[in-house]
Each structure stands twice: as structure tokens, then as C-alpha cells.
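After this come two complexes, each holding subunit A, first together with subunit B and then together with subunit C.
This part shows the complex of A and B:
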């Protein structure tokens, strides 16, 4: 990302700041997000409650933990919203990628800090309200222990980065494929399904969860959630965090390679 | 007559500027054998063709820029002219590091833009008339503020630059308005300021006056002239508005079908393509007189049109000599318009 030039943090910080300003100015999509995520959260919660009738624990997980899982997963879904694909698709379509490239800072650096700004405002506008609504109507999502909560935070940050880098790598496709919107939807829902966001890994058939454990997706939702509810022993969790860090590194390298390749082959449409 | 007067003043500035610009050996911009090919999917006609292209698409190579070489000295204002699709914008985009050339070299201040884009764009200001670099959702001032951070301009220089440009463009009236609410003319002024905030030594303008009203165009041209005079900024502009060329450019480069077909002062081009003028004479009857140095070009009723070579005879002398032979009711001198000249240049192969 640096290409021999010192990173211009002030510019990135300004991008971050203006993005927060912008998001706070548009109230409407804020309520839209909350309503949509509430529907998903309540539906999932009652679905699990219905399945748990007559059982105290399923696969070693209590119904209370399952409720916690649902609420935290809902909060994370909002936290993980990325715009980088839309941003790239639009700027390639409208040709504004040309003006983005005229600035002496990395193209994807701008996109990352815009997304980070959006996430920051979402924490205030969506994540916290969802936490409060979930706590009142379903139950307070208590972490397994204070230590687990401390472990949860770095794991979520790494998960955020994996999710963003994955989206960024995916978005480089927009430079060559003309209409990418349907693929973005497919990717979004595939991640939600394969990452344990809606259905935890332990409900999947063993062979499938074995495969998924090798792929990066489970390190976006499943691992931080496992840590939060204390599903596994400390040793296993730390080992999994190691794999998470490894995936982060792999995706970073892939991203650096792809963005370099793609900016060399920009095709500005029209004009 | 106004045109005559204009041209005579123009001639002086042309000669002055050209000689001073060409005297310097260091070139701000050097372009050598530049080529750019686009590979596009060939579309076939009709539904059948659409289905066929889903399965197998045929590729087609288009040579947008074939072989272009030129040099531009520091402080020059150069116009890129050419019909739509001639390769002007592609050339500008390659010079600003957005597109990578298929082959050939570009040096801006000694550096190649597609090799170290971030390094080169620091010293570059670019305005695309058809799209804005301003942030649609923010106040104009906030877009400027963002650029201040992006280009790491210190507060003092920034305020000073803004002040200078405010004097020419009156930007302070609109600085607090969100960009989406600006009129096209105001937005273009904003874009120009945005491109010049970091005092680049090269300014690329891609159709800067497109769609603007008379006042808007005037403001933009005045700005370009001032910036060039005060800061010595090298300006390259592509345009379809020949008013821009007449007012601003000492030199023009005409591109057509991806190659340069003309490169030189406007004056020279006019002399070469249209070394003649037309004299329209109205007599009292339908009988026109002949003159050895003027060709009777057209005649309709008692109006005759003579075409004469500027080198052979002056208009005043011709009028005098014709009036000596026969009494004249009225005369008018017709100059080939610059539009005509450019049109002739485009179509001449």
C-alpha cells in the first residue's frame, strides 16, 4: 500500500472523519438497518428457542448461549458491512475511478477508511441499539468470562480485516467484469451461510464443517462467537486465532497483488 | 475588422511566447511514440448475436492512439483539438497516469506517470469537464479541506492559494454550499480551484468549458490565463470550443484517428490552410469587373465575391483598384472562420 511513500495518515483520517459526518447526516438508512437486523435477530432467536424445546443442551451448547450467539452475531453483521465493492463498481461504471487515481494516495486506502468511518458511525447508530433491544427482549448477552471478552476484541478486529480484505479482493473483479452486482449478493449471502453467522458450525455435518474450518469464512463470524460464549478450551481457541492471523496474512498478500495488477489495467469507460 | 485587430495583437503574443518557450531546452512534458490499444468485445447484431456473445465473445483491438510524439515546454498553454473519439482524452489519461500506454514513453518533469503514479500526480492538476472530483455530499469547502490533507499542503499556503483563486473566480460565495446544489458553472469553478490548490506545475483540462454559459466560459478562461501568467503553470487543454483556443493557446495540436495531424501556432495553421480572403462587392448593376489578382468566386445579381491571396494584394488596395474601374455601392471582407479552418484540417488527410 505504501509504494515507498510515507503513509499519509492525516488524509486517511480526514476521509474517515468526513465519512462519519456523511453517515450521520442520513438518518433513513440507519432505521432501515435496525429494523431489518431486528427482524433477522428475532426470527433466529425464536427459531432456536423452538428447536430447543424439550432439550437443555444441544451439542454442548445451552439455550442461553444460543441466544447470546444470536444477539452478538446480529451486532457483528452490522459491524461488518462493507461498501468497497459498491464503491469500486460505481467508480468504474461512472468513470470516477479516474479522479480517485489522480490523488497521490493509494486508491484502496481511501476505500478502507471510508468503510471504517461508516463502521464507526454504525457502532453508535446500529450496534448499540441492537444490543439494547436484544438485551431487553431476548436477554443480556453475557460473555463467558472477562478474559474471553478480552480475547474476543482482537479476534473481532482480525475478523473485520479478513472480511474487508475479502471484499476488496472481490471488488477488483469490477475492473474487468462489467456487471458485478449479482455476484456481490451471492458472495454476501454465501459468507453469511458458510461463516456460522446464522447457523453455527456445530450443526453442520462433520465433513462439511471440516472443510469449512480450512476456509477463511469461519474466522469471520464463528471464531469470535466461539470465544464470546466460551465454546472451546483456551488452547484450542488460541490455536484457531493463529489460523485466523494466518488467513489475514494470506488475504493481505493476495490483496496487494490484485490491486497492483488491476490498477495497471484500468479501463476508464467513456469520455 | 475586429478580427483583424485581434489577429494583429495575437500575432505579437504568439511570436513572443513561442520564442521564449522554445528557447528553453528542458521540456516539461515529453511524449515519445505513444500507443494505446483497447481490446473490446465485438458485439454482433440482434438477439442471435447477443446470445452468441454470451458463449463466445470475439475480441477486437482498437488503436485509440497510434503513434504520438510531442514536447511541451514549461509555461506553455497547448490545446488538443480533434473530433470526438480522436484519442485526445486517452492521451490526457495516459499523461496523468490513469491509463498505462501499450507502448511508448511519457515523461512529466522527467518522471513516467504510469511507473510512479503517486509521485507524478502530486505535481499535476486535472479537471475533467464531464465529471467532478468534488465530493457530491459535502460542502465545497470540505472537499478543498480533504485535498489539503491529501496533498499535505500547509495551512498558510492553502489559505494563500485559495485567496488568489477567490480573486479570480469568486469562490468564497459558494464555498459553504453542498456540491450537489451548485450549478454547472459554479461546480466547474470549484473543480478548477480543487485542481490548483496544491500549486501543480502542470494542469490538464479535459473540456473545461463544456456546457457552460458565456459568463462561465469567460471566468474559466480568465482563470487559466491568470494562473499561467502568475504561476507559470503549463496548461494542456482538450476542447471543442475554438473560442478557448483563440483566447488561450499559443500552440495547438490537432489529433485525428490517433495521430497528430497538426502541431504549431494557430496563426501558422490559418496561414497555411486559408492564405486567402474573400471580398464581397455590391455594384449598381449586374456586371462585375475582372481583376488580375482576384478571382471572381461567386456572383449573384449585383453582388460579386472575389477571392484573393493575402500575399498578393491587400484588401484596401483591391477595393481601391476595383472602384477605379467601376463605382461600388458597398463592400465587405470575409475571413475564413477558425471553425472552417479546423474542419478543413480534420478532413484533410
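This part shows the complex of A and C:
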């Protein structure tokens, strides 16, 4: 048992390493991501600057905090790119899901470590350049305090897992749906708009932010960013991190259930 | 001359018929986009509205006026998607040798490229565009005189040509680089950020670029600012509505020339 587990880790590490090497080979994707994220980052920063003309503080937030918010959010959205949906859609369409399932490690384990490998190479190739570009042209995104920075890290890791598990649960739909692309688009836009990625929750009407606070989306972007800029007091933030952990658990259970259900029903055509 | 035009329009109509039949063959696919595209644009506008309501206005634009701007932007985006989306995918045509077929037929290659493949999925973008636009018109009590109606139509035609021309120019780069260069996503992001918001919120150097070098400012910002009588920055011209049409024609003619020159470098696909 113990031995089997050790072999699995080696296999996972191999998937992880291969993915990093593969990402390093495709240079254009890297520059493309930076260009795209810079457009979004600068447009958002100037949008806030224009809105804040004539105001010092709105909803307890200063314009400098909004700039920090924008840069850190841009860095996070690169960090949160997942391929699990595309991967599942393609393997189901082409039938390669069968060979993936033959491998001696769990199907979604392969996809997770591929995504993790991609994320790792993005940190060096994209997240750091965005940090430097943002710092030079917009302003250095300083965290509220060292303690908040320490709290930010576990919160981002949980956010990464929530984001990935949500994508993985969503991707199981591909085993039954014919064309997933429009749905993937809907999901992408819902997350971008309702998670605080571009516009923080506190600007939304109260009824809407109350609803959104119950859903998992805000625990992907909003909570880590709230922590980074020190929007709330420690007690409230820790309480929110509790809810974040709870969502992580719920999504994990859902993921385990869905994964078991769909892999049982895989039917590959052809011989 | 008349004979040729008749022939060309007959060919286009035949292709339009095929496009409609294709869509009818896969209704579920269309239904998916019919759900996803409106959600994306309507939610996108809703978030802008919440924020601008909080602050009052952005660069002198209230949210009713922004809805008008956003509407023009999305409608012209939809029209450009219907007629010119191929520009985004020109790289695939170049690499896979698809221009062979066009070159063999006794018709203009550019004409065939633009007007023998109608992307009816673009209609699903048209619906949210019109919704937000009508909402904006109601908010600001836009008066629908004959003159104003003509102005809107002229703007939309000009804007569609500017977008289409830019897609073609970007796509033509594939003839020179011999690679796919799929810039679609970045182009869309850039257009979204510069046509859905007033460009007067950006620094003057960038406004200059958007006015003269990459004339995206004319797509929605300058004509809308003139129609609604809002201050429109340093580089504005009088008669912006007609200028949009002129700029549209110039950009498209330039794109046609660039396309023609680039086509000479076409080598077809080989092994």
C-alpha cells in the first residue's frame, strides 16, 4: 500500500515536470498571456482612476488600494488559468480518455498535476513580469501588513483549489454534453464578473453581494484580495477564511462523487 | 459591371442559405451560444452600471450614456462577427492551404473570404447589444428623428468596417510569419476595453494612438460623444459620425491592399 502510494507520487511528479517543460517550449503563449493581461490590467486601472477623480475614499477604499487590488487580481488571474475543462472535452471527444484511464494513476490526478505544472511555469514567466510591469507603470502593490501577507498565502492556495475543483466538477459535464464550449464561456464570464476579479463585491448592490457571499465564487478572488489590502478586521477575515475552507470541503466531496460517477460510464467508440 | 455585381450577390445569397441550413442542422449548438453570449454582455454591463451609479459618472458619462456607448460597441462587434470573423482565423487558412480553393475560383479572393462564410452565431451577440442599447436610449430619452436614425446607422456601418479592416490586417500577418498567429482573444479584449468605455479616461498619448494610429476611437467613442454632446477629449473632430464612416472605408481599403500584397506571399500547404 505504502509502496504503491510512493510510485504514484513519482508518476504525478513526472506529469508535473513534463508539463513544465512543455510550457517552456511554447514561447508565444507566454507573451500572448502577458499582452492580454496587460490590456485588462491597464484598462481596469485607468477606469478606477477616472472614477475616483474628485473622491478620496469610496466605501472605505482609497484609490491606491484599488490600484493594488487591480495588479494583484491580474497576477491571480494568470495563476488561476486551468485547462482541465479543455482537457476533458478533448479527451472525451477524441477518445484518448481511454488511454488516460489506463495509466496507473487516477484520471483527474493527471489533469491536476498538468495544471499545477502549467501554473508553476506561469509564475516565473507571467506572474512576475506582470508584477514588474504593474509596479513600474501603476505602482508597487504593497500588502496591508506582513501578517496580512502571511494570511494571504494560505487563502490563495485554498482559492486555487476551489477554482480547480469547480472547473473539474464542471468538466465532468463533458462526459454527457455534446458541445461544451458555450457553457465553458458562460462559466468563465460568471467567475470573472461575480468573484470580485474585476469589480469588488462592495460596489455591488447589497442584495446581490449578500447572495454572492453565500456562493463559492467570492472565495476565489475577493477574499484573498480583501486580505491583501486589509479591507476588514482580522476577526471578520478569519471567519471568512473558515467559510472558504468549508467550500473547499464541499467542492472536494462533490468532485469525488462526480468523478466516480462519470468514469464508470465512459464508453469509447471504435476499436 | 452590373452583371458581375448580380453574379456576386447571387453567390453570396446561396452561401447565406447554406449558413442558415447549417445552423438549423445543429440547433443545440446555436442554443448554447444564444444563452452564453447574452449573459456575458448583459452581466458585463450590469457590473459597469453598479459601479458608475456608486460614483455618479466616469469622465462626464452617466450610466445611461455608457449604456448607449456599450450598445453601439456590442452591436458593431456582432456585425463584425457575422461578416469578418474569418480574419481572426486567417492563420489557419494560410497554414492549411485553404486559399487554394479561393484562388482557383473566378472571383475576387477577398470577396470570397469575407462574404461566402457567414457566421450566424454572431446574431447571438446582436441580441444583448440591442437590449443594452435600447435601455440606454430610454435612460437618456434619445430622440428618434430621421436624422438621428441615419446617424446611428452610419456609425454602425463605419464601426463594422473599422473592426473588419483591423481583423483582416492582423490576420494578414500570417502570410508573412507563416504561423497561425491566433490573435482573436487579444483583439477582442483590446476592442472591448477601448469601445465599451470612454477613451477619454486613458492618458493622452494612448488617446492619440486610438485616434490616428489604431483608429478604434472612431468605432464608438467619438460618434457617440458627438451624438450625446459629451466632451470627447483633445483629439476629437467635428462631424465624428461621418468621420467614422470615412475612417471605416479608409481602414477597410488599406486592409484590402495589405491583404492583396500579403496574398502574393501565399505558398499553399506542402510537405
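To be clear about the criterion, the second predicted complex is superposed on the first by the 261 of 271 C-alpha atoms of A that agree within 3 Å, B and C clash if a C-alpha of one lies under 4 Å from a C-alpha of the other, contacts with A are read in each partner's own complex, and residues count from 1 in each chain.
As a working rule, contacts are C-beta pairs under 8 Å (C-beta built on N, C-alpha and C of every residue); 3 or more make two chains touch, one makes a residue touch a chain.
Everything quoted here is computed from the prediction, not taken from an experiment.
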| item | value |
| --- | --- |
| Three-chain arrangement built on subunit A, subunit B and subunit C clash or fit | fit |
| First (subunit B), second (subunit C), both or neither touched by A:18 | first |
| Subunit B versus subunit C as contact partner of A:99, first or second or both or neither | first |
| Partner chain(s) touched by A:49 [first = subunit B, second = subunit C, both, neither] | second |
| Which of subunit B and subunit C A:10 touches, first, second, both or neither | first |
| First (subunit B), second (subunit C), both or neither touched by A:203 | second |
| Touched partner set for A:264, first subunit B, second subunit C, both or neither | first |
| Partner chain in contact with A:131 - subunit B first, subunit C second, else both or neither | neither |
| Angle at subunit A between subunit B and subunit C, C-alpha centres, nearest 10 degrees | 90 |
| Smallest separation of CA atoms, subunit C relative to subunit B, angstrom | 5 |
| Subunit B and subunit C contact sites that coincide on subunit A, given as residue numbers | none |
| Complex interface listing, subunit C residues touching subunit A | 28-29, 32-33, 35-37, 39-40, 43-44, 47, 50-52, 54-55, 58-59, 179, 185-186, 189-190, 193-194, 197-198, 201-203 |
| Residues of subunit A defined as touching subunit B within the complex | 3, 5, 8, 10-11, 13-15, 18, 21-22, 25, 94-99, 101-106, 263-268, 271 |
| Interface residues, subunit B side, partner subunit A - complex | 38, 89, 93, 96-100, 114, 116-119, 121-122, 124, 126, 128, 130-133, 135, 137-138, 142, 145-147, 149-152, 206 |
| Complex contacts: residues of subunit A adjacent to subunit C | 28, 32, 35-36, 39-40, 43, 46-47, 49-53, 55, 58-59, 178-179, 181-183, 185-186, 189-190, 193-194, 198-199, 203-205, 208 |
